[in-house]
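Below, each structure is written out as structure tokens.
Note that subunit A is present in both complexes that follow, paired respectively with subunit B and with subunit C.
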Partner chain A sequence: MSDNGTLWHDAWMRLRKNKLAVVSAWFIAGVVFMCAFGPPILHYAWGYSYDAQALSYGAQPPSLNHIFGTDFHGRDLFTRTLYGGRISLLVGLLAALVAAFIGTLYGAVSAYAGGQIDSAMMRFVDVLYALPYMFLVIILVTIFGKSLALLFIALGLVSWLTTARIVRGQVLSLKEREFVQAAQACGASDARIIGMHLIPNTLGPIIVYFTLTVPSMILQEAFLSFLGLGVQAPMPSLGALINEGANNMVVFWWQLVFPGIVMASILFALNFLGDGLRDALDPRMQQQ
Partner chain B sequence: MNTPLLDVQDLKKYFPVRSGLLRRVVGHVHAVDEISLQIMPGETLALVGESGCGKTTAARTMVRLLDADGGRILFRGQDITHLEGDALRRMRRHMQVVFQDPYASLNPRRTVGEIIGAPMVLHGLATASDVNDKMRDLLVQVGLQPDYLSRYPHEFSGGQRQRIGIARALALEPELVMCDEAVSALDVSVQAQIINLLADLQAGRSMSYLFVAHNLSVVRHVAHRVAVMYLGRLVEVAPTAELFEDPRHPYTQALLAAMPKAHPVRPRRSFVRLGGEVPSPVSPPSGCHLHPRCPVAEARCKTLIPALVAVNSCHIVRCVKELPRTA
Partner chain C sequence: MIRFVFKRFLGLIPTLLVIIVASFLIIRLAPGSPFTQDRAVPKSVLVEIEAKYGLDKPLPVQLGHYLMRLAHGDFGPSTKYPQRSVNEIIAEGLPITLTLSLVALAWALLVGVGAGIIGAVRQNSKWDQAAMAFAMLGISIPTFVLGPLLVLLFSLHWYLLPPGGFGEWRHVILPGITLGTAYAAYFARLTRAGLLEVTRSDYIRTAHAKGLPESTVIFRHMLRGGLLPVVTFLGPAIAHLMVGSVIVEKIFNIPGIGPYFVDAAFNRDYGLVMGIVVLESALLLMMNLLVDVMYAVLDPRIRLQGAP
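Moving on to the complex of A and B:
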């Protein structure tokens, strides 16, 4: 029998021992900080912005003025990369939040209702699973137009399925525990039992899956931007920058290399942190 | 005689047995088969029987944690068998449950204060301002420190957790508390403490217990009356002293014979011993369920389901004959 209170504490201690996860967490915090406060500082200090073009200036290789170089339109690539990181992280986080929210609620309700309702709700998930889901996103984006808000809603709408299955499995076993019956005996409503007693006890797996969803969402957004369905110019995203850089990589190598490195290191860090959390929250690791 | 607090009439609870690809219903487990019981205000009724005989199912059906498949449940004269929604939730205040496993029955994510306080606020028995005082009061009553309120369940031992479970049940000032094997998961020394606590709490208020147990020594100590179940049916109901002195049903006699003895060497009345295994409740034996194991069975036991016969005004037994006393 695992004690969830000490489990959180033990998990935290285990996570702190995982150097890779700790470094990744700090790295992500640094990237988030730079993406949030970098662009305004760059703008006020050097007058760089992500959209003001200086066509006569043209593409410059990296220098002390422009550490990432400039793009074809003479825009500072460092500023554009930070902006792109902003968009990518935002899309990744919000899409993963939408997915976690829908998936948790759907899975918990399905498992708690049980029986025929559970079967029907899970068959619906199976059907959605069977659809090629990038295809679904492309259809949603073409129908509802290309806006940032719709982009993460569309991504979130098609990626809650796994969360729903994970949460359903957890709740199925939790709802047989006596504390749920005790809550029923005390006169708690179904909504209260799901919200106060079941979902809080599934938070561990939800958090782990959430941290692993964020990088995959960033990757999906990059892929959509690569197809021209994501963020629209002049707004950059890491995917759009890499797409642009890939077109010019033979001559202007820095346009591909720097956004590529930033994106790859963000993805690595998020995955390392997710893996670290998964290991830390796994009760089977308790002996170590 | 005044009206019973809980009056259960011909209660039935069946579980479908499904099998095959289409999950077709191939039979039913008759977990509770036409049980009738009354619990008086302030009384402790013990429901005993071996594992799988349906005693927990019966008790849970009586307090509406499970839905009955037949019969009626009257609580203070009101039919609660088919109450739904808000009416059911309001009624739950009056009948609370203390569960068997103190580790599973407390939500690990909630503090003791939340566990005990939430039901009180939910039922309007306390307001945000006086809930704290009431909770501290309750903790003292169940023998815990009042400043435990902000702690989480994992910080407590099994016995302390069971006290928290009892405090949660008492928080709603119920007339009936169903104790579902409430002490069987605890150490023997702690069992005694919890049982004495339950008895003390009952003395302080007019509260009835429905005590589900398989430990007859415990039952003998706490119960006013005992109901014995075998494979979903009641076989004998009697006041505790009378049941232990003068068990009429062969199954009850076998149960008593199986009790651990304080003085194993000292000779005592030799009671009936049962052979064989408990039959599957999916296809129980015909007639009297006990006949394949009963040492005094007759031919008619195979076909005749005996009715409950009153031995005296408060002792009923379900057996085809009066047993000769094997003194």
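Moving on to the complex of A and C:
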């Protein structure tokens, strides 16, 4: 696998030369750190929490005490934004993981099986593509209730199609190669060949598509929260905060502007990082 | 060509059938019924209501009835709005949603393809960088952030456009921009990449060598080949626009189909949920077919090979 080693090494060097991607990566690392450790620090130092209401401090504009201002119930908006960012990032990451897992397995098995099984499995993907999938998520969420776990599973369940197609394409060309024949000659089982030989060789595109799925999952979680279908009060997510802010924006503009900026910059950075990874891992892949 | 279109059209029917049956089963097998949310009703009344809507029969029989109805173009009754049929509700809301989607699409194509052409023709210039930064920004700002911000600025601060409602042309500008901007950004990136791809091809070099003016080369020759990725993305884009309009309709208080869907899913209004899903899937399939046909028209190589 020394060949593979230089591939990852080269990609790493290319990525480090891409300033925008590096800045985005640091920004994301910073956001993750703040979302993870910000709320407890704010709680111990200032006594702010995401759910304790203090109605006499309701809806204050940004000040030194509350840098994002407070919301209608007197809760510190900075704390709530960090907490919401935590939930949004978590849902985005887990949903993208679910999607990548299903898509990779499905695509690899389909391509490796080949023939009629392959065309039947891909036909199924085509049909699912034709479903207005956000409607499916809305139905799933209303069926199973609005818990956090079901939210990311529902999002992941409808977002694996493109990964499956990409992985299938890769495996189709890989499975004719000598190393697969060698493994077959050694008597390796199909599961072993798919898991140990084929999937590791498609990791590049999987990682690239994974990084681009995370922001779209975050966006879709926010989409649901905005409709009131996402995480439930008093727990905040960025989408729920923006929804609240949009309802009060005429008077309390900061309740819309700050969560909005945080959300947009997280998506901005994740998209740049994804683009950078794509250019680094596969320079031939077209920039869309 | 006509045979190709016809064959593809026939191929859509089984796909649509699978979608109908699958969504029928998902919504029916879900726990809850359209009547559980109301205040407690005597058991005998409930049985009677269920019999009225045919919900007391076994599931396969219900599915058969539903398919028969659909074949006659009837989406059946709505349980949430007993005085109106699903057909009426859709006929009222769908034109509004479609208008909104088309305005958004026009905005996206105009801005997106324009920015993409500028980016490709002046590759790596300041213009290119500005266009691509705009594209990245457009992709990253969610509609539910952009929409309220536009209302804040244009309606509540400058009093230029109405903040919501539906009726005249002034009502669709802000929602259209809100909905279309993200797609403008995608189109810009696709156009730029597509044009850069064909720039290096032989027929463009020939066109330059013939001494054609640059504008003719760009608009007559490069756009035709370079816009293929944009055309491919049109089908999914229209579908996403229609789903995305749920949010925009909520922000701008537009009486489209979107708000009904969320409501219907909550209330297990089987008829209405199914009607909207079936209709949107059918539209989506038709759009994809249209895209395939346009593809064949634009690219002679595909047409000569027959079915792509």
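Quick note on the criterion: the second predicted complex is superposed on the first by the 278 of 288 C-alpha atoms of A that agree within 3 Å, B and C clash if a C-alpha of one lies under 4 Å from a C-alpha of the other, contacts with A are read in each partner's own complex, and residues count from 1 in each chain.
The rule is short, and it goes like this: contacts are C-beta pairs under 8 Å (C-beta built on N, C-alpha and C of every residue); 3 or more make two chains touch, one makes a residue touch a chain.
None of the values given here were measured: they were computed from a predicted structure.
Visitor: After the subunit A overlay, clash or fit between subunit B and subunit C?
Guide: Aligned through their shared chain, the two binders fit side by side on subunit A.
Visitor: Per the overlay, which chain contacts more subunit A residues, subunit B or subunit C?
Guide: C
Visitor: Taking the superposition as given, does A:126 touch the first partner, subunit B, the second, subunit C, both, or neither?
Guide: A:126 sits against subunit C, while subunit B stays out of touch.
Visitor: Classify the contacts of A:197 with the two partner chains as first (subunit B alone), second (subunit C alone), both, or neither.
Guide: first
Visitor: With both complexes overlaid on chain A, does A:185 touch subunit B (first), subunit C (second), both or neither?
Guide: first
Visitor: So in the superposed three-chain picture, is A:143 touching just subunit B, just subunit C, both, or none of them (first/second/both/neither)?
Guide: second
Visitor: Once the shared chain is lined up, is A:243 touching subunit B (first), subunit C (second), both, or neither of them?
Guide: After superposing on A, A:243 lies in contact with subunit C but is clear of subunit B.
Visitor: Touch check for A:232: first (subunit B), second (subunit C), both, or neither?
Guide: Neither: A:232 stays clear of subunit B and subunit C.
Visitor: On the A-aligned overlay, A:177 touches which partner chain: subunit B = first, subunit C = second, or both, or neither?
Guide: first
Visitor: Which value in Å is the smallest Cα separation between subunit B and subunit C when the structures are fitted on chain A?
Guide: 9
Visitor: Inside the complex, what are the residues of subunit A that reach subunit C?
Guide: Where subunit A meets subunit C, its residues are 126-127, 130-132, 134-136, 138-139, 142-143, 215, 219, 222-223, 226-227, 229, 239, 242-243, 245-246, 249-250, 253, 256-257, 260, 263-265, 267-268, 271-272, 286-288.
Visitor: Quick one: in the complex, what on subunit A touches subunit B?
Guide: Interface residues on the subunit A side: 1, 3-6, 177-179, 181-189, 196-197, 200-201.
Visitor: Along subunit C, where are the residues that touch subunit A in the complex?
Guide: 15-16, 18-19, 22-23, 26-27, 30-32, 136-137, 139-142, 144-145, 147-149, 151-152, 156, 186, 189-190, 193, 197, 229, 239, 242-243, 246-247, 250-251, 261-262, 265-266, 273, 276-277, 280-281, 284-285, 288
Visitor: Any idea which subunit B residues touch subunit A in the complex?
Guide: 63, 65, 89-90, 92-93, 95-97, 99-101, 103-110, 118-119, 122-123, 152-155, 165, 168, 172
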